[in-house]
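Same chain, two partners: subunit A is paired with subunit B first, then with subunit C.
Coming up: the complex of A and B.
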């Protein structure tokens, strides 16, 4: 799952460096991810993992880092753990 | 028992607003326009020594400006585009026939290069970008325009066509944040002198859809939009002024640069002119002759 998340960060977060160079807990907003980009990332995650973020998760904290995103995705798709 | 007349009913009965049959589109009386003109003169007076460059655009942007600005990403529900008849004689006859029969004739209209201005500062950014890097002191503009938002409502504070006066600052983050802080203080003093009760509160723009939910929260978390709310026509007070820090959103979108090549930051203070006029009528009465002498003195002194 982490590989897929990194791939989506690369495609949508609009960061100057590649996701491979970014730590799991690095703050993506500090690296330059804009609000619009985080929305694009959110929509791409929903499509890739076939999930829908509930309203209470649609905030900056949910998408702050690769590990935060992984936790959010896991909490919404128990099936993906077994897969 | 009849319900008490709303502020809109009262404004129409007093002749200050003229209904057209479409919610949110009204004519304005001379008295109403005079209040707006005097309020604007007051705003000009407050900002007189700042050296703002005055610009007035018609209430239109180009369709490509609307696309580039990202407005359709954030507010597709509010945008208005202008369409026109572009056919020949045959199409014209067909058009008239449809109108005659009461059928929908608008599907054959063709999009023009014109869209309605959604906010008074929108035409500024492409102009700024085309004029090259900003000077060290940044730039400051005074703009005013009718703006269109497609949100028909019987709330007189939610017109579809209304005027927005703005001061817009472009420069470094510090220059823009200082400008915003200064205008919040100026606005508090100005609105207090007009004897209107107010509060300054965190706010967000009406971003569309689920993605918009995230944009709204993000805007609030970062404190990018503050509004001055004043009681007008509803139980909740109405946002009559807003103080916006766009960060480098427009600078990056349009390529407005600082001298060192970094994207410029921008911000603005916006005055909702109809809302402010309505707030004055609501608070001080339907006849400005009877408004408190301090308020009259400030506006007409």
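Coming up: the complex of A and C.
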């Protein structure tokens, strides 16, 4: 799952550096991810993992880092970490 | 325990009333001369209202937005410029309370805000980014324990009268434009060179001149959270709620004049309902939506503040943006309705029904952070909003 998340960060977060260079816990907002980019990233995550983020998860904290995203995806589709 | 708002035997209502009267007495000269509403601010200070929101442990009264909003509305009906100064000051305080409670320097500043009744202003707008709150060009340049900051600020309301300025800037010279911090600098730590003079249609007493702003201060004065989080969890909501409350006050005073006008008509011809009474009822219906929208936003704010990290959701942001855009639009319509009701008596600058200042002041609402800009951002958020009504099939 982490590989897929990194791929989506690469495509959608609009960051100057590649996701491979970014640590799991690095703050994506501090790297320059803007609000519209986080919207795009979120839509791509929903599509890729066939999930739907509930309203209470649509906050800045959910998309702050690769590991935060992984936790959120995992909580919505248990077992996907193994996939 | 003494009830919230009671100071030296005076009730909160009395304290607010004293400030509202001072604001109203001088509103006309403040507007005409485009001068700072000093009498109103002095009255707010005398009545210890500038530190109203400071937590009790730091010498204030711990008032929340629910207590501050009605004061903005009451002042807004008397002098919109004074009301906006009070509102903007309390937006700065909301930022301090949101994330300064753990920081000794900011705690001390809050304590001073209460004891010395300091005045705070903010500088978010920057030449080159306009009203986009979430981007900066200027950057904090740290040198050991201190930082330097230079900003081209096309508007800083009451910049020349304030005791401190809260300025957004990039975290460091390498940071992307959206990675911002909020730096608090005191009057003796900055220089303001005035580059343009605020001679505007309305809100003339806010003295929102343009400046070249240069500051040098210890790094501990930078608020300890990323500005993005401060914006999402306190600043935008506090701004939209308190600004809307000021605009509600302008509309309320317009309604009071229109109603007085219609009642006067009714007295002149007993037994006949004045022709413009229905128009008054229509204006009242619009006005009620403003009050209801503010009440709704205040209850959402209270719920959010209970768990800001989680509850500052896209839905919350959309609701706060909707508040600002709708109140700024409807309040203008209400004042226009009032003008139609009072007719020529409303159009004249003299006499009890004059609405010129109200109209000029309320015209600032839609462009104080342009509604078009806000809706462009909200449009992006609508793509992911998950209210029941917007759930995908």
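FYI, the second predicted complex is superposed on the first by the 79 of 83 C-alpha atoms of A that agree within 3 Å, B and C clash if a C-alpha of one lies under 4 Å from a C-alpha of the other, contacts with A are read in each partner's own complex, and residues count from 1 in each chain.
In the analysis below, a residue touches a chain if its C-beta (ideal position, glycine included) is under 8 Å from a C-beta of that chain, and two chains touch if they have at least 3 such contacts.
Source: prediction; values computed, not measured.
A.B. asks: In the overlaid three-chain picture, which partner chain does A:59 touch, first (subunit B) or second (subunit C), both, or neither?
C.D. replies: Both partners, subunit B and subunit C.
A.B. asks: Based on the superposed arrangement, let me know which partner A:71 touches: subunit B (first), subunit C (second), both, or neither?
C.D. replies: neither
A.B. asks: Which one hits more subunit A residues, subunit B or subunit C?
C.D. replies: Touched residues of subunit A are more numerous for C.
A.B. asks: Which holds for A:36: it touches subunit B only (first), subunit C only (second), both, or neither?
C.D. replies: both
A.B. asks: Shared contact residues on subunit A, subunit B side and subunit C side combined as an intersection?
C.D. replies: Residues 34-36, 39, 42-43, 55, 58-60, which sit in both footprints.
A.B. asks: For subunit A, which residues are in contact with subunit B within the complex?
C.D. replies: Those in contact with subunit B are residues 34-36, 38-39, 42-43, 55, 58-60.
A.B. asks: Quick check on the complex: what are the subunit B residues that touch subunit A?
C.D. replies: 70, 73, 210-211, 213-215, 217-219, 221, 249
A.B. asks: Within their complex, state which residues of subunit A touch subunit C.
C.D. replies: Per the stated touch rule, the residues are 16, 27, 29-36, 39, 42-43, 52-61.
A.B. asks: Across the complex, what residues on subunit C touch subunit A?
C.D. replies: 134, 171, 175-179, 226, 228-229, 232, 309-315, 377, 380-381, 383-387, 392
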